[in-house]
Structure formats: structure tokens, C-alpha cells
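This is the structure I want to talk about, given as C-alpha cells.
The first chain written gets the first letter, and so on, giving A, B, C and D; residue counts start at 1 in each chain.
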């Protein structure tokens, strides 16, 4: 059953050094304020899973929290590179970070399989791609009915998943609306979960087939207003596309990055963007 | 792209003798009027797929349309047996009907896999059950990552799927709301699809994550008011539970059944219940 | 009807439902079978377990029906649910995904190792009686944390060997779960109109642990198709309270009115 | 910039986008990559193909953005969509389920067999340049009915051998799709700022079929990292119409205003 905690308490309680952590949100509802709290608490040696690392993991990587990143598309959407990810992979700053990369289809299926309690996901994937040459977690199986060759990847089963959502009710039931990505799967696949929300309301005021995650399937709820900026929350505030562009210059330079993290994360209580 | 046809035209065009047909709707939105049209058009040798055959397949079986039934729970919900299914299986009336039975979990996964373009579904299923002894379509595979033994079943890929829904807009986009069952999967998994709807409207007036099937993924739309009675349509009319109880006596007796079909299906244009 | 109820102001069926309801702790997430399990689970919700989470295979999550559903997919279940998901999602994410504490099942036949038969009586290729089949039960029994079973006690239902294992309790030899990874505990109690049974911790054979008021061990043995074991210290099941009976009767009255009202 | 545009009232980039847009027929269901493909697909929708169905990997189905999205998951895509599904559903039901006629992709590198590299320049373990990676492309390329590719023409992008096959066109030898069941046709055209190319029906090697107005075969060869083939009857690509240019420029203006407005 979800406990309502402060973000500081929730991260302290559920994100351990060395843990496998998934912060999801497909462009929309990225849990930036939670990521910043992880940076402030100086968590280390994390295996970070996310389809699109985006700025949130660029910041975590640059701040030295990551040991390994599992992803399927590591760019700044519409802008260019994630310079902190590249600097870590190409030059080992602030330390070497291991990467394991998939395609989106495989990761989406791996989240689905994790939520579904399966050890693997099966897909028509990776045909002709050289990704299986550099990722030993991609295997192939034969369909026992048709003999077709199908790709198989291990399911995603993080120690803790963190997502942001529009709102929770007082029982901790959470509404996710708009681009829902793999957020529900991330929560259901994880051993523990933290959901940050814009607000807690009396009534979710929703429709019969809404994407609602029951409170009893979540460990902690933390209120975090504007918690996904510079990403966005459908119905609350738009994506700060300008900040995504500005990030390119900040992240290109180690000192500028360090200064930004210091000013906007370490010295700040909340999120920025 | 969906064409708006009469139900008579749609069934004549897409349901061929000998076809594999799936009429779905999990208790809710069962496409009874379409089933009756199939009976009226005297389609024969159909392989009928449905998780819960329910009264709609009891009627089709008794009327002689079925060659084979693939299902996972063959009762009259809350009432008792499906007497026409039993009579066909146990006594061969009106002719012998072959059955292939699964569990709900396996069929639900098989629909999902069919929609997902996969030849098989993989699940943690059938452990200790004797169903694999009597269904040669249940196999087991080994997970290449964990060596776990997992069940595998062929995906559902019908020649034609028929479902009922609340409404379509003028472009043929369909809204399904409430208990959505495996209807979307049934449509997406099939080579062709017919959707009967209560009404056609200018605007589906829905929310961002509603269960909407785009018109271009459907072959035919047919308006059929009260098309799922004695099942129900959330937001339109309730389930006729009394008729489900009355059906027990009608279906118990071959003559009473034949009379009922004659009076209410063969001689009638629409649905009954 | 058993002798039990002759001097009592409740029926043996009510005794069974109340006892089954009490088995569900508040806050439990329960995957509910239609019929007797649904009656018991909703009684629990309306009495001691207001926060029990009821999930039906129709995809209705955390539902609070005012009347008992006739079918597993009555509109009432959706209208009173927190949310309604697709049936593939229900079986994949919620049941197989390990979110269910208790699966609550009925059955047509059960044997000493809690194997359930809802497929047929007789031989598979030429059945004497064809039953509805597996439905959700085979995977509820293995993927839920544990399983409660409730059914009426008779030699027709409690058989020495089930004609067909639709749904495994502990297998023909009681060892069906041994060495299987990621499998639930299986049946942990069976509640009938006569008694409560639990599997022996080692052999997994069903043992009567509690007799309902007024029921004798002989009556249980007579209604059971094998030589059934009794616990050394056999308890007496607590009687239904006046409140439980009142809530149950009101629920059933509301239900009867709703289902004939059309 | 090419010489082409010196005497024209449109740029080579506009020529590329308009040509790419024209490739999409009305009514086509298109899985749209971000960037140039998105620009072309939306131009198609706003000109000759009002009923083209645009699907983005963020789960937005049949979307009609008023401004071009910066990211694949901008709010605009959801707000103007017919419906928005989860990302697993998008990749499973809609892409892998065979509902997509055309996958529209960009790339960082392409070779003569239309293999795409968006992973890295150099060696995998010590890359010279690390690129974003596969994203949706590897399965878009195999599960869509066919694939259109659009990118700017240069020896940096058109390379003799891609450093890494992130996404297969036709494999290192052009035979990568042979004998693979349930696989799409693969790339059927490549549209650049200089020309249009199509794979040879037999060998699958890219052949220039059409030069944009003012572009010479020599220019194409100079911008290509291998000895590129030209069709025997080389066409001249039709110029953008005034209407196409007007719609495209308005779209890009609206987009620029929207993305800097905050």
C-alpha cells in the first residue's frame, strides 16, 4: 500500500547504492525532480534503465551516479547528443560507464514481459541488425509451432522504478494520462516503486478504462509539483523545449555542467527547467 | 478502411463456409445480432473461437454452423451448462463438433500474441494441469536466460473477427468502453473484421487513452441497435440476466431450441433477448 | 441440508459463506471466482475487510459491486471498479505478474491433494457430463500467492481421484509444486458447508481442522469420497454473527431483486 | 548547399522535404521517425494526403500536429491524436502486428544496401563518435510494409560500408531479407537533397532514379562514398509547387514560434 512520503524520504528509503533503477516517462512525465533527489543524495553505482536516457540520465551520469546504462535511444530529442553520456562512454568522465543497448521494440517488450512476470520477452526483432553482436542479452529462439526464428531478450525487472504522474487520490491510486509510455509496466515490473505526482486529489475523476495504477501496487507516493519539468505533464504544463535546446551547451562542457548541477540541483530543493 | 455496410452484407462478404471465425466480447458487448445473421445465412463448417462460448455460440452450434469450437470456459455464466454445446460434444447433435480447450490465461495471451503479429504466446501456465494431455496445441519451451519451463500456445489469428462496440464515428473509428475483454486484440489479430455498433456519431467524444480502434484497421462497420442483447452495452442498456436464466430451459430441449431459433432468428431480422 | 442447521437460525450455506469470507484478511488482493467465492469475497468486503481488493478476470480492478454479479463480467463490476483493464492485461500483468495474494476458487470436483476438476465427469473423449472447463482457474491456482477453495461438501464433489486435473492443487502425488520456480503456495484452505480443511504441511493431503457447529466428523467422512484425515485438535468453527448474517442476507436479497427486475 | 538552389526560389532542403512528402500516398499508414521524416510526413498530410495516418512511436495514433514536434513525444502529438496507446502496445500491436504500410526513417549513415547506422562512428568498444542508437528503427525497417529513408547527401552520410548495422536495409551482401518469413519489403526509396534512389530489384544496390532540378550526376557521385549507379533513363524530379512551399514554410514558421515561445 502506497505511503505518502516526501521525495527525500522516498528516495532515501528505496534507492540503494548499487541498485537497478528505472526512471521512466516516454518524453512525457519524466521524473526529473526524483532524478535530482537521487543526485543530491549521491547515490552511486546505479544500473540505470530507460528507453530514452534523455536529460534526466545525462544529469545522473554526469553527476557520477551511474555504473551502467541500459537504453535504446540515447539522444537529446530533436537537438542532438547527450554529451554527458557520450563523455562517460567515450572518455570515462567522471568515470567509465558501461552501456547495454537495445532497440525500442525490444525494450518495450522487455518492460511488458517484466510487468507480466515473465523472464523473457519474445519479438520479431533485430533481424539483420548488428546489435546482437554487441549485446549478449539478445538471443534467438525457435517457435515450436512454426519453426520461425524469433528474438528473445530478458525482461526488465528493476529493484526500484520511479515515474511521475498527474495525480493520486488519498488512497494512493494514481492516474497517468496522455503519452503513457512504459510507465505502468515500469511500476508493475519493479520490486519497489515511487510515484511522484503533481497533486493529491479527493477523486481521480476518470473514465472506465483510464490508466490507473492502484495504490496497493505502489510503495511510495511523493507530491512534486512541476516534478517533470523540463519534460511535461499533459493537462498541467507543456514541455520546455527551449530548455532542451539550452541543455546542449550546458552539457557540452564539464565545468558548465558541474556548475549547473551545483546551482540547480545540489543547492536547490526542487526541480529546474 | 472501414466500409459501412448492412449487417447482412457484412456477414455475406466476410464470413465464408469453413472459415475460422472469432466473435468476441467478454460477457459485455457480445455480438449477438451478428451471430444471428450468421445463423440466418446458414454458414457451415465454421471453426469458432471465443474464450467463453456463451449463448451466442450455443446458438450457432445448435443451429449447425460449427465444425470446431476453441474456447476456455464453456458455461452459461452463473446459470449452468451450455446445453447445445454439450449435446453436440456428448451426443453429436445436430452433428459432431470438435473442441479444443485452453485456459483463459492461455487464450488471453494467444489473442495478445495474434494482435502482436507473433506466431506464439508464452506464459507461466498449465503447470500441473492435464489440459496439455488433451490439447496438442499446448507445448512447453525453455527460457534461454533462466532455463525456466514456460507454456507456449499458438497465437489466435482468425479469418474474420466480429465484435460489437458502443459507437463509431463517420470515418469508422470505433470506441469500445467498459469491459473491453479481448475485443481489440480479436480485431487486430484477424485477417478481416466486422464491428457492429449501437450508433454512428459525429464525434466519439472520448479521452486521450480510450480504447479506440481506427477505421483503417477494420473492414466493415454495421449499425445494429441493441446488437449485443441479451449481453449488454455499457452506457446503453444492461445485461438481460433473466434471459440468460430462461435460456437454460430453451436450450435443454432440441425442439424448444429449434423452435426458438426459427421464431427469433430465422423469421426475425434483428436480435432477441 | 445437514443436521447442523436444525437448531440454528442460519443455514449451512450461510455458515460456509461466512467462514469463507472470514478467511480473507483486510487489505488482501483477491482474484475472485464467480459464484460462491464471489459471494464470500463481497461479504468480507462488506463486513470485516472493507479494504480487501477484489479483482475479477473480466478486467475489473478493485471493484465494489452493490449486488452480486451473475456473470464474471456484469456491468456492475465495471461501474464500481477503480479501473477496468483488458483481459490479456488482467491475466498477464495482474495475475501472472504476481500482484494477487489470494485466488478464491470454486470447483465441481476436488481430491485429497486439492486438485480441481471443472472439465468433465467420465472420460475425456466420451464424457458422462461435460463441465464448463478451465476458465481462469489453472493459472489462478499457480500464479496467486495462495488459493482458497469453497464448495459444498458431498461425495460427488469430494472424490478419491478427480476424473481430470483441470487445475492443480498439489498434483496426483502431492508433489506437483516441488521444484517449480515462481509458483504460489497453492491451496491453503478449503471451506465447505460442513468444515474447514487445510493441506498437511508435508504431504499436502487435506486435513479437517475445524468442524462447523453441530457437524460431526462422521458427517464429514460420509460426504467425502476418501478416508479423510482429521487434525488431532479439531476446532469448532465460530458461528456467524448477527451482523454477518444480516449483511449477507441483504446482499442476496438485493441481488435477487436486481437479477429478476428486468 | 548545392549549386541547385542558386537559381531557384527554394532550397535544396525544401526540395528534399517536398519530394519525400510526395512519396507518401493518401491513405497510407505511416510510422514516422522524428526530424526530416516527420517534416515530410506532415507536409504530405497538409497537402496531397489529408488522410495519411501518422503514427509515432510514443503511442500516438493518427495524429495531426499543428506544429512539428521537437521530440517524438511532444504533447501536441497526443492532443491531436485519435488515441494514444502504451509504447509496448505501439510496438507490439501496431508495428509488429503488421498495421504499418510505410516506415519513414532518417539516419546518420547509409550504405549501398540501405543498411543504416545510428549507433556510432568508429569501433564499438572505442567509438570516435557515439550516436544515439537504434530507437525504433531496427524493427520499423523489418516490420513495416516498406521503408522510405530521407537524409542529406554527403560522403559522411553515404558511406561505402557503415561502421555498424543498427538497422538492416538488405544486409552487407544485399541478401539479408531472403528467406526471412514475415518481413517487409525494406527500403524502397531514399530521398536526399540531391536525388531520389531506389534499390535495384535484384541486387538491392541503390540506384539513382531521379536528379533534383539543377543537380548533376557528378554532384551526386561526389557526395557518395562509393561508385553509385545511375538508372539508364534518369528522370528529373518535379519542382516543388508554390502551394507545397507555402505550406511547408508556414509549418516551419509555426513550429519555430512554438518551440521558442516558452
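We adopt the following convention: contacts are C-beta pairs under 8 Å (C-beta built on N, C-alpha and C of every residue); 3 or more make two chains touch, one makes a residue touch a chain.
Because the structure is a prediction, the values reported are computed rather than measured.
Touching chain A and chain D at once are the following chains: B. One simple way to say how far apart two chains are is to compare their mean CA positions; for chain A and chain C this gives 40 Å. For this pair, chain C with chain D, the centres built from the Cα atoms lie 57 Å apart.
Counting only residues that touch two or more partner chains, chain C has 78-79, 84-85, 92, 96, 143, 182. Residues of chain B in contact with two or more other chains: 112, 117-118, 123-124, 146, 148, 178, 180, 184-185, 208-211, 234.
In summary, the structure contains touching chain pairs A-B, A-C, A-D, B-C, B-D. On chain B, the positions that touch chain D within their shared complex are 1, 112, 115-118, 173, 184-185, 188-189, 206, 208-212, 214, 216-217. Listing the residues of chain C that touch chain A in their complex gives 27, 29, 53, 61-62, 78-79, 81-85, 92-93, 96-99, 143, 182. Residues 34-35, 57-60, 69-75, 77-79, 84-88, 90-92, 95-96, 115, 119, 124, 126-127, 130-139, 142-143, 164-168, 171, 176-177, 180-183, 258-260, 262 of chain D are the ones touching chain A in the complex. For chain B in complex with chain A, the touching residues are 117-120, 122-124, 137, 139, 141, 143-146, 148, 150, 152, 154, 177-178, 180, 207-211, 234. On the chain B side of its complex with chain C, the touching residues are 26-28, 51-52, 71-75, 77-79, 81-82, 85-86, 89-90, 101-106, 108-109, 111-112, 123-131, 134, 146, 148, 178-182, 184-185, 211, 232, 234, 238-242, 244-245.
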